[in-house]
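These notes concern the structure reproduced below.
Note that the chains are named A, B, C, D and E in the order they appear, and that numbering of residues resets to 1 at the start of each chain.
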Amino acid sequence: MSTQSCKAGLPKLSVASDKEGFALKQNEQSGAVKWLLIAFSAVFLAVMLVLPLVYVLITAFREGIQPYLEAVTDKYALKSIQLTLEATVIAVIVNTVFGLFASWSITKFQFRGKKIISTLIDLPLTVSPIIAGLIYVLTFGRQSFLYPYLKSAHISIIYAVPGIVLATIFVTFPFISREIIPVLTAAGKDEEEAAALMGAGGWTIFRRVTFPHIKWALLYGIVLCTARAMGEFGAVSVLSGHLRGKTNTMPLYIELLYQGYDFTGAFAVSSILVVMAIIILVLRSVLEYRGRKNEE
Amino acid sequence: MEKNYYVELKGVNKSFGSFQASKDISFGIEKGKLIGLLGPSGSGKTTILRMLAGLETADSGDIIIDGKVVNDVPASKRGIGFVFQNYALFRYLTVYENIAFGLKVQKWPKDKIRARVEEMLRLIGLEDTAKRYPNQLSGGQRQRIAFARALAPQPQLLLLDEPFAAVDAKVRQELRSWLREMISAVGVTSIFVTHDQDEAIEVADEIIITNQGHIEQIGTPKDIYRQPDTPFVAQFIGQSSIVEDFRRFAGFAHAGSNATRAAVRPEYISVSKQGEPLRFPVNTETGVVERTAFRGSEIELTIRVKDTLLTAKRLLDDTPVSVGETVRVFIYRLYAFDNEKAYVIENEALTSPDSVVI
Amino acid sequence: MKKKRKQRRVIPGFGLSLGITVTLLSLIVVIPLCSLVVFSSQLSFSEFIETITSPRVLASYRVSFQTALIASLINAVVGLIIAWVLVRYQFPGKRIMDGLIEVPFALPTAVAGISLTHMTVDSGWVGSIFHKFGIEIAYTRIGITIALVFIGIPFVVRSVQPVLEKLDPQYEEAASMLGAGRTYSFFRIIFPEIFPALVAGFTMAFARSLGEYGSVVFIAGNTPFKTEITPLLIMSQLQEYDYASATSIALVMLAAAFLILFVNAVLQSRASKIVSGIG
Amino acid sequence: GCGSTSDSSSASGSGENGGSVELTNVSYDPTRELYEAYNKAFAAHWKEQTGQDVTVTQSHGGSGKQALEVANGLEADVVTLALEGDVDAIKDAGLIEDGYTEEFDNDSAPYTSSIVFLVRKGNPKNIQDWDDLLRDDVGVITPNPKTSGGARWNYLAAWYYFEKQGQSEEQIKESMKTLYSHVLVLDSGARGSTTSFVENKQGDVLLAWENEAFLSLEEYPGEYEIVIPSVSILCQPTVAVVDEVVDSRGTRDVATEYLNYLYSDEAQRLEAENFYRPSNEEILKEYTSDSESRTITEIPEDNKWIVSDGFELTNIDHFGGWTEATEKHFVDGGIFDSIYEEK
Amino acid sequence: MEKNYYVELKGVNKSFGSFQASKDISFGIEKGKLIGLLGPSGSGKTTILRMLAGLETADSGDIIIDGKVVNDVPASKRGIGFVFQNYALFRYLTVYENIAFGLKVQKWPKDKIRARVEEMLRLIGLEDTAKRYPNQLSGGQRQRIAFARALAPQPQLLLLDEPFAAVDAKVRQELRSWLREMISAVGVTSIFVTHDQDEAIEVADEIIITNQGHIEQIGTPKDIYRQPDTPFVAQFIGQSSIVEDFRRFAGFAHAGSNATRAAVRPEYISVSKQGEPLRFPVNTETGVVERTAFRGSEIELTIRVKDTLLTAKRLLDDTPVSVGETVRVFIYRLYAFDNEKAYVIENEALTSPDSVVI
């Protein structure tokens, strides 16, 4: 049911198009409306999106560079960065693997239950992160029937790193498959059939024929997945136990600093997160721009 | 006595859900022939081709290639070349890589691949496009690349699904002759799908006409053109006017069979101005010209004869006929049909001895 | 007729890919979600109803739905304008503006929450301006709404933008040939074309807003009956060890998300039925 | 990628010399600064005693919430929570054995505290006592009693005040309802509330742990004042070893010593310096002033910050102990819930 | 003496960036005429149409409609009907609403709108589709709706951009005649764009041939067919074989003009078997048949004459000719051209008195 419904769900980062054709011509006639709308958009984006970014950076450096450096090189800060990166990398890997296989099976084959599977894939998008955390607490917590087994095997999931990783995977679960599926659907399966007909195996087909179609979608999926994974707060907060230096991811650590009157620290660590995310976004644009250029 | 077929389908059926796309399809193709699968849209042409290729599995019946039943041979092992309707060229591989793909998969040595690809490029006359990507080619060029890609691994059977559908009218014309020549040069047994009768007639050695999932008629273009077997073929082929009761026309009153409807083709109608000498003065009808249309080398006339509109043609250099003029119409031949069969019926004037020829 | 032969799959990798898909899906999504259902069944039906309709819970639904709805509506309008500006106009800084749309994804929700809060408190950059007019933003529903507008804006822009880009200019040309002015053809012709995408974007923003926690906890006053959103209530139930209530309310939220998706699916399928015959 | 073994179980024996041991202390919200300091002291102490390096991992949050997370599997060797009732929740989950309050001195409460008001500089709303909180122009900040220990103490202190005013239970409920209707932000922990009040400038008065209030005074000199209400409550934060965890990890010795050492002179002074009232009477006196002013605008130079006279302190026994108090006020459907339900 | 034109373009130029899509376009159209704009792809046909409609602004030159210069009149005010190549039917409006759109914009009263839409639906014979959405119609039906939508507000000028491009071959044929009749019934001045010469020849009263942004020739279909003015037109129209040095052929040696190349059309070649009676025994050439192809009603022959390949046709019922056979070829007429002009040249046998006719 939600296969279709979510089609437009994840935002597409599109390179601004230059062809304006008819529209441009018409707009020449009403410059006033044009500039009014542009100004409105610019102000809105500046206040809603740019200002918070600026605020983070300014506050981070409010007390100068030294306290900033101290804050970001603090033992616990480094630990939280490490944990966040770990969780992000694992989530991206798992979701990439999942995304590739899921989109392959959904777009290249007819089978029963396809609709259900696509709906389930999309589900995490609409589930509140709190609920995402909650379900793992319920599944692996003390009151779960699994708990005795986990306990006897000395496996901790919730209030430990695996729980954090799981929650991160969950909240970013559909990100990559959702980027790839529409691209593959649009491309159809003719090329793959042609390749199969010539005797190519699955890996060859994927690598030589399919992959080039989806690489930008995949890249974008990974970028979104990374950004979201790094920033996840709610689900991780439920599962973390807030063990300083152990299960505090960057967002949780920021909260901790924030509540410890260490605003400089909080915003300093935030700024790292912001900068990392911006780097990823920019990197992606550059990669895609270069790649697209090469293709032409 | 059975012929020595290279490809044979025996009682093949295929349904998609409750929709039967192929009904009891049986035919055989001799080695080296070029076969056209002709039929209206949705008549099951692509389905037959895809079953042959192994892209679709027949529900029942046998598919035999080179004497072996291939029902259970996967598509990749059938050694068939396939040219897809929209070519399905690999968009992210160069022309060279496209053609080389099948060879690489078969682990040909590098130098042999190079030689073969270059040979194919020469064959299709596109040597200098090797490094381009498909989207940098015109429709006609893409078509040729698709053809080369399918042929490169030297398949014994080549299947083409509407190979000309995606190119524009002028290019299509050229490509047809090109393909025809190419295939006879290579000598590969081929089947191509089309819904354009001109195309089938022009290109194929033999035509299989499909309609609503079954085969209507198999034969050479001339056979099919001249001797339609079924009502569907009689109406589908040529540019016919349909006549409700053909016995009203002079020269057809005593036709055997109880069919009443008939298809009349313009080329079997001769139109003469009043006063022009007639080849068959008996059995002519008079008609009134309702419309004339310039058709380049010919003039197309729409003539009302006994309350029926017939389409006929006159040469551009003949004396012009004008709208409203009464003319003499002689129908040589028509295709009568009932619900099951079609019959060729000649004007009695041509067959009975008492018609006078001047 | 003989039994149908099994359809052979031409493209390889079906078993492997479906296997991996289903396995991961079960482990990560399906099984954990099942525990939700299992746990909420600890309550009897009447207890369940009582839990999910207690005044505080009802109030939190109201807060959540109201703010999410208003925020998504704002996003729908503003997102449409931004998408329009990005697609139809050429102006300096356009690329940067286009790149900015992703910021809410890049900025972690907690950071967004904290900085939005700081900016909108009475002494903040923005809050001080509004404070002069007696408008409080932080710790009110206005604040929640702003946080939700923040996180929801990319959904709308990025779902409308590609459709607008692909929209055949001939529709507008046809309308203008028939004498229609720009405004008229926008509302009669363009709007219906982008409406499905707008609905999809709106729906996603709405669903995301309903569930949003990170950015909201900081800016919401978290006062029961006033500024307590449902996810926060679930969180506090969770922290109160009241799993039965937490799961019950979570189920309601889940059902709401499904309902939203369902409504969207119906609208999308209607639209696609009109334009392609396949619903 | 789930199911790695938890790294917190990597206690490497408690050999005589050398080696290291890890300890997890799950605590309540305002003790962040206290335990940061104490852990250093304890590490030195333990090193000296056994030669082992001990690393203590801290977790802070609303006390009730923390307790529940421990009960739910958060692996804490020791808990140092805001009240006995919360430790009881862990006990009820089977992780702590009965009689833990007897394990350490002073009912296992190494330090105590009380509840005070934190107001803005100059006390612009002139808030002096609990009944001022009922004024419509007063915005109150206190955490959620469901999840926060401090909030429960706040609640009970207020209750006691109204009781002392001679109000009937119905009247008290009415007053409490009015009070809570003035609560602007209901955070899940004491620190969250402090942040709302101090950093985000919400409300006119913060109902705070004494230690939290003094900390604010220290962090923001000259910006706030403490007002001690005429009636408050003696808060007894309770510590306990989590038996199930220490047994499975083999950390009982170090965990027990960790809590024991809280009663040492060094630790008691450390606690006092972090504005907790030491349980050691001697040391308590060192920090007690003779001032009777109920408004404190700055931390006294001589560090005698504890005001002992001029107001009345009740304690939990007045409410029949934590089991009874929880049952009456804080369980689902208890009085606290009813205060919200009838809006 | 100037004619009374309804639509006139005077020295119109248009560039896209550095590319000049229209070069000094001037022509005039009389009221009520149906004009075909014919030319290869990219030759600037659509650009001309769009400038007329006001969808594109000319860089220089004047566009005059009904005596008024409309350069500065916006598209929505020119009162022109436009049928787009892919119809651009409003997908979210029903057929009824589509046709009513222009009337609503002009604020017609409700009942008048209803009457007009119903009238249009009757006209195009699609009364029962009023409530459907465009996607529920076939290509041909959509084409008609687009036509009705454009005509509903009673424009004085109707522009059609490749009105048949999106429908399939069989339907296209029908639609052509339909449109032709419709337009003459309504009597609206119309211009339609096509790159299909058959279409232009069949439908238009007059044809404007464009090439690389300029106009090559304007004239009636017959004029254009019989008297190509320019080398481009000579080659573009008809199904010509190009001959490098036409003076080598018997009967053309003394042609005036210094052109050497020529286009020869199959219908101007007569092919006779050895021994068949000849109409013009002088000036015949002998040739060898290289290929024969069945073309439905005709046989197409490729004949090598003096090292040049010529395409000719014979009727199906004539005695068959086989590949390799030597035949006699008589060329009636050809179109010689140099770089600037084309000339019609008749075989001397037809013009000189000493040719003997039997």
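The working rule: contacts are C-beta pairs under 8 Å (C-beta built on N, C-alpha and C of every residue); 3 or more make two chains touch, one makes a residue touch a chain.
The structure presented is a predicted model; accordingly, all values stated were derived computationally and were not measured.
Student: Which chain is most remote from chain E in terms of Cα centres?
Tutor: Farthest chain from chain E, going by C-alpha centroids: D.
Student: Which two chains does the highest number of contacting C-beta pairs join?
Tutor: A-C
Student: Centroid of chain A to centroid of chain E, CA atoms only: how many Å?
Tutor: 56
Student: Just the number, please: Cα centre separation of chain A and chain C in whole Å.
Tutor: Their C-alpha centroids are separated by 15 Å.
Student: What's the distance between the Cα centroids of chain A and chain B, rounded to whole Å?
Tutor: Chain A and chain B have C-alpha centres separated by 54 Å.
Student: Which whole number of Å gives the spacing of the CA centres of chain C and chain D?
Tutor: The mean C-alpha positions of chain C and chain D differ by 39 Å.
Student: Note the residues in chain A that touch 2 or more other chains, in rising order.
Tutor: Only 22, 94, 137, 143, 166, 169, 193, 196-197, 201, 258 qualify.
Student: Which residues belonging to chain D are in contact with no fewer than two other chains?
Tutor: Touching at least two other chains: 2, 71-72.
Student: Hey, what residues on chain E touch two or more of the other chains?
Tutor: 55, 74
Student: Where on chain B is chain E touching in the complex?
Tutor: 41, 168-169, 195-198, 201-202, 221-222, 225, 238, 265-267, 293-297, 315-316
Student: Once bound in the complex, which stretches of chain B touch chain A?
Tutor: It is residues 53-55, 75-77, 80, 82, 84, 86, 88-93, 101-102, 105-106, 133, 149, 153 of chain B that touch chain A.
Student: Residue numbers of chain B touching chain C in their complex, please.
Tutor: Result: residues 13, 15, 54-60, 71, 74-76 of chain B touch chain C.
Student: Touching residues of chain C toward chain E in the complex: what are they?
Tutor: Against chain E, the touching part of chain C is residues 168, 170-171, 173-181, 184, 188-189, 192-193, 195, 271, 274-277.
Student: Under the definition above, what is the set of chain D residues touching chain A in their complex?
Tutor: So the residues of chain D touching chain A come out as 1-9, 24, 26, 29, 32-33, 57-61, 69, 71-75, 93, 191-192, 194-195, 198-199, 219.
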